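Structures incoming, each one as structure tokens.
Below are two complexes that have chain A in common, paired first with chain B and then with chain C.
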Partner chain A sequence: MVLEVKKPRPMWEILFSTHHTDIGLLYIVLSIVAFMIGGALAIAIRSELFLPGNQGIIPDPNTFHRIFTTHGTNMLFLWLLPFASGIGNYLIPIMVRYKDMAWPKLNATAFWMIPPAMAMVWLGMADFTWYATPPYSILRAPGPAAEMWIFGLKILGISSILGSINFIVTILKMKHPDLPLMKTSLFVWAILVTSIMILVAIPTFAAALIMLYTDRLGISGFFNPAMGGDPIAYQHLFWFTFHPEVYIFAIPAIGMVYEIIPRFSRKPIFSYQSGVAAFILLAIVGFASWAHHMYSTGMSFTEKTVFMIGTLAAVPASAMHVFNWTATMWGGRIRFRTPMSFAVGGLILFFYAGAGGIVNTAMPLDFLTHDSYWVVGHFHLFVMGLITFAFLGFIHYLFPFITGRMYNEKAGMVTFWLLFVGVSMIFLTQHVLGLYGQPRRTFDYIAVEPLIIMNQISTVGAWITAAGAAVFITNMISSAGRGKPADMRDPFQIGEQYYDYTRREPHH
Partner chain B sequence: MGHAMYEWVYVGVVIALLVYVGAASWDVERFLDHAPPDSVVVKVTGQQWFWTFEHEDGTKEVGELHLKKNVPYKFEITSKDVNHAFNIPDLTVMMDAVPGRINSMWVMPDATGEYLIQCREYCGFSHYQMRAKLFVEEGEITNAALEKAAEKLVPASLTVDSKDSAPVS
Partner chain C sequence: MDSHDKEPIILTSPGRMSRGLIIVGITLAIGAAISVTFFDQMFANPPPVTQIKQPTPPPPPPQAGTTTIAILAGSSVQGSPDYGPDAAQVPLGNKIVWDNQDNILHTATSGTSGSDPDSGKAFKTGFLDAGAKSNPIELADVKVGDSFNYFCEVHPYMTSTLTIVAAETGGAPSGPTINILAGSSVQGSPDYDPDPLTVKKGDKISVVNKDNTLHTVTDGAAPGADAGKLFDTGFFEGGQSKTIDTANLNPAEYNYFCQVHPYMTGKLKVE
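And now, the complex of A and B:
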């Protein structure tokens, strides 16, 4: 794989490199591979649900459960997190004007922990859903898949903690002394805030994983009611990590949209300060809302009220970002190249996702939507709509920087439209499916007309999305080898500053 | 470079909407969260992969639940093995069945008919088939306290009483 136009290098030199752009490339390639294979699982799930009854695409419920568990775990921890780290690796040292990450070897270590973890998650294929709720996960989930999942996630947690420490030190300590933090790009703020959130959030789940493992061994009973434990305690520990994790996934994506929108609107950001303020606000308030995932576990009225307020409090911060993007575009001379289209598409889907979120947190309505397909549609609008759209937009934007070549713009726009139509069809429909009462994580559904029709719309949307993904990956691979060499000062011909290409020369 | 005024107005509007949503749901949930004191208790037990219902008089039903129309029921929900969720989509009843805990939720079915009961929390192999049937049947209100409550809900001016309803002219 020779991606360098100016100075081709053999693959092993990239694999064993500790230079930040090389590690960034490894992260990005690994995460896109994960995105593709995880997506294939999603297509299998949607195709199975095209009609009620067993379609034979997935032979039995057990396989179905293993597939959706692996799909969820893979997409969150092997696509969203590594991709953000990859872009961070490419850009953070450049944006803070330092020669590399603070600790290049630690950086390489953090990356190389991911492939073994990925192997454990994929070879094990656990069946207890991506949140491994006890008592099912400790009493009934078959091993060794469950153990492999637990250790895989353990390794991923350590990897992202090492990565965040590196980012925080690079940003705060290695930043050029002439560059105040308030003059850095909003993407730097996004990575800084995300890294701090990871340090605060992950340890709780890391502890819960150990407790889950000892519970499975039978030597403790933290979450086992038969031994006096409390299964709900796990859910608190889990969501204390993974509600903030939603913002950990989303904030780098928001940072990327902040990189794209002003440049393609050819106008400065409407308000840099409000962007920073919204990041910090989101990071703090994000920790005050974890139990809104647990209204139906039998919480008291007071608890529910507290967490509803905490959740609603996170909305203005997200709304400030949307406002900032819209106001930046307002009156700008917008060029709808692929990155900009993805950013605007992501903005639209983010709005739907946020509106759905308010419905979820309104206590009485949560009992209508919880654990139904509504929730599936809702959070996919975040992770697929906002975050993946921002990521795909940004990989197109960074493509000339990574490869020195231009991707095919027509194929890029085809990717965008297929994904935008496909994703809207899948997930907006699933909201309605949820209101009809179809539960999540079900191998089959009742054969009544509205459910069948909407599952079919959803599945057709999935196929359209798959076509988009195929165009995307073909475009990336063929353009990396045969694309037109890009004009590195301004590859998109929009008269805006691009990243300094000379910084990509490895120093060792 | 922006005009801070626009953003403050926008944030203000968003916050006002959120306050409205929060207050409205607080008000509704306060009502939904407290079962009427005279509710009839039905014990609901989930286990892999079926539902058992126990009425106040000790009779048990498996896979079927028979309730009376216009009677408030309080479900006391628990599980014997792993987490389940007791869900009647048409009546917006949704509560996790957690082993070692008794969660409660109340409902007053207001229309007769056959409804779907399903499990809404992943619970293993046959989760997708863990269903039961709810039959709501005609039943007269026997409870005095309930009649009182009904009177409160329906304004006296709307109640039709044959003895007093002589034509005004």
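And now, the complex of A and C:
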């Protein structure tokens, strides 16, 4: 499963290694497994909604709730976060020219906290959505599923914090003295900014989780109105962590696109400084917009306006990245290999997601779209369109580095087109579904023609996406074993520098 | 770069790849086996929250067909309160039981006094020992609106009346009532009934929660510092009821809402 430079090691040595590329590999394998099994849940959800009424694919509404809760939790915390950490583990020490991460054992610890957390989330299958919104989550949500979810997330939070500390120290303290920070790759900046955001954001949710748990035990009543608590307080704590989390998911993906686009356009980045500035700007304004998830909770007009402006402040920063990518491609000799196709496709879907986001941001319009399928379409276009596309593009780009072999280029392009068409079909139509009034998180919907047609387009898109994912995983597995050996200095034959493969050799 | 060319590159082999897949596959299979086997058990326990009150069942309707009238303690002394409730309302078709709570013999005999020729014709309990209850007495051939005088044969100064009323209203709280309808916690459903409610200053309003979850009736239009200053029932579970006293409210129109579900709003007019 892994490229060896000198001699193959036994599998257990890779499993329990503390070398950054081994841990990076473990992160990537775990996250792709999570992506596949979480995707299977999504296909079940979409197939169930192909027609109104109970299709029997998911037996009852209760199971439906458990499935979409696990799908959401899994995709965010077990696919997006670990994958970014995995790529970070592979590349950060190479990019800052250090032999490993600053604390290799801490690094391994951070990884090995994830599988138990994953087991808790998946075996429990809680039903209170990935928001775990009180008062339902503290008064009625059945255990032990809810407790398992709370502890699973707690462990994942600690793992993220340990990983972030390691990244920050590696980048700032272990960087080669001859390498100024402003000469490092933008991916290094992305991981640095993300790690700092994690350190600021996660503790709030960590506190909220403990409060949630003691509320469930009946010791406290922070969010329990019957004991004088306030459920809205939970939403503030939750979104203070998880609005920035959106950028925590996105910024590594943006960093990966910065790795891909200049290489395949065979031009230097249009403006390195604006990329750095936009990362920092995103990180700051990411903390000034959390309450835009809560416009309909009865805030005052002034509060809503403040958060509306705070949210709109993220638009210039995101637009700077998009402009930077477009300007880098402009006039370049572009080779549309699979990674580049994913990056450009992600850029297009990011544009749609952002355009829809402006509607949500505009507080009066948000009252129309709130809690409807519009929102589902919007954030999926973002996490699937931009982030997952960047991740899938980057795993193709890094494939020769990991395995020493090339993936099948034709299969890679088939993957891209299936996913691009499928994802557009699913999530663009879901915007319309929301405007027609279909609420989120529903097992059934009213049997009227527009809703049925839109849901069916969306479901067919999901099946196309599933086909794309099947091609992807088959390509990855078979090419890792039997693919053509890659030219390790320039595997894509684009005349650009590739990562130094000798770094694969474990030194301890 | 040149030095690297001399190093042998060992590629991932199909054997190693399949060994990796086996590790992943076995892990997933174990997980799936546990998940499928214990799927329902993972979802079995309600949270151990001590403060959850089981919704108190609504007070039982007046027992099928019986109305109890107490013979109050001390009623043998002339001038004391005697029958309770005095002027009782008996739903049509109900049986009546007199409950002697005094420490001496009493009766309840229809008529105005012992000299009434019709005395004891409609009903008669006979002598009731201290603490005893009469047999259920059924009134034959009565209709809504009929009124009976009755008295105690031992203490003729103890007199009272009972009136036959329509059966449906029996047991319902009298006076103005705000019902919180079942299902009102769902946004957009009908919530308070009647809305608006008009009452006279000084009336006591009963608020009956017919839903299955917590609600409040709190004055104001939305949660805020001013909410609940004039009247507020506080949180109460389904099946319970609360009272709002309008004695301190000036005649005006008041908005009220539910603190748990701020989209539930209503109006109250005090005249």
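Throughout what follows, the second predicted complex is superposed on the first by the 501 of 508 C-alpha atoms of A that agree within 3 Å, B and C clash if a C-alpha of one lies under 4 Å from a C-alpha of the other, contacts with A are read in each partner's own complex, and residues count from 1 in each chain.
The rule we apply is simple: a residue touches a chain if its C-beta (ideal position, glycine included) is under 8 Å from a C-beta of that chain, and two chains touch if they have at least 3 such contacts.
From a predicted model like this one, the values you see are computed outputs, not experimental measurements.
Asks: Which term applies to chain B and chain C once both are placed on chain A by superposition, clash or fit?
Replies: When both complexes are placed onto chain A, chain B and chain C end up clashing with one another.
Asks: Would you check which partner chain A:Ala327 touches, where first means chain B only, second means chain C only, and both and neither mean what they say?
Replies: Once the two structures are laid over each other on A, A:Ala327 reaches chain B alone.
Asks: So, does A:Met308 touch the first partner chain B, the second partner chain C, both, or neither?
Replies: First partner only.
Asks: After lining up the shared chain so the two structures overlap, which partner does A:Arg140 touch, if you call chain B first and chain C second: first, second, both or neither?
Replies: Both partners, chain B and chain C.
Asks: Going by the contact rule set out at the top, does A:Ala480 touch chain B (first), chain C (second), both, or neither?
Replies: Second partner only.
Asks: Which partner does A:Val33 contact after superposing on A: first (chain B), second (chain C), both, neither?
Replies: After superposing on A, A:Val33 lies in contact with chain C but is clear of chain B.
Asks: Please indicate which partner A:Gly221 is in contact with in the superposed arrangement: first for chain B, second for chain C, both, or neither.
Replies: A:Gly221: touches chain C, not chain B.
Asks: Have a look at where A:Gly404 lands relative to chain B and chain C in the superposition and call it first, second, both or neither.
Replies: Only chain C; A:Gly404 stays clear of chain B.
Asks: So, A:Gly298: does it touch chain B (first), chain C (second), both, or neither?
Replies: both
Asks: Tell me which partner A:Gly124 touches in the superposition: chain B (first), chain C (second), both or neither.
Replies: second
Asks: Do any residues of chain A touch both chain B and chain C, and if so, which are they?
Replies: Common to the two interfaces on chain A: residues 62, 139-140, 225-226, 298.
Asks: Give the list of chain C residues in touch with chain A in this complex.
Replies: 1, 4, 7-14, 16-21, 23-24, 28, 31, 34-35, 38-39, 42-53, 214, 222-223, 235, 259-260, 262
Asks: For a test of understanding, state which residues of chain A touch chain B in their complex under the given definition.
Replies: 61-62, 65, 128-129, 133, 135-136, 139-140, 225-226, 230-232, 268-271, 274, 296-298, 301, 304-305, 308-309, 312, 315-316, 319-320, 323-324, 327, 358, 362-365, 367-368, 370-372, 436-437, 439-446
Asks: Flag every residue of chain A that touches chain C in the complex, lowest number first.
Replies: Touch residues, chain A against chain C: 1-8, 11, 15, 29, 33, 37, 62, 66, 119, 122-125, 127, 138-146, 148, 215-218, 221, 224-227, 298, 403-405, 477, 480-482, 485, 488-489, 500-502.
Asks: If you look only at chain B, which of its residues touch chain A in the complex?
Replies: For this pair, the touching residues of chain B are 1-2, 4, 6-7, 10-11, 14-15, 18, 21-22, 24-26, 28-30, 32-34, 48, 81-83, 85, 87, 89-90, 92-96, 98-101, 103-104, 116, 118-129.
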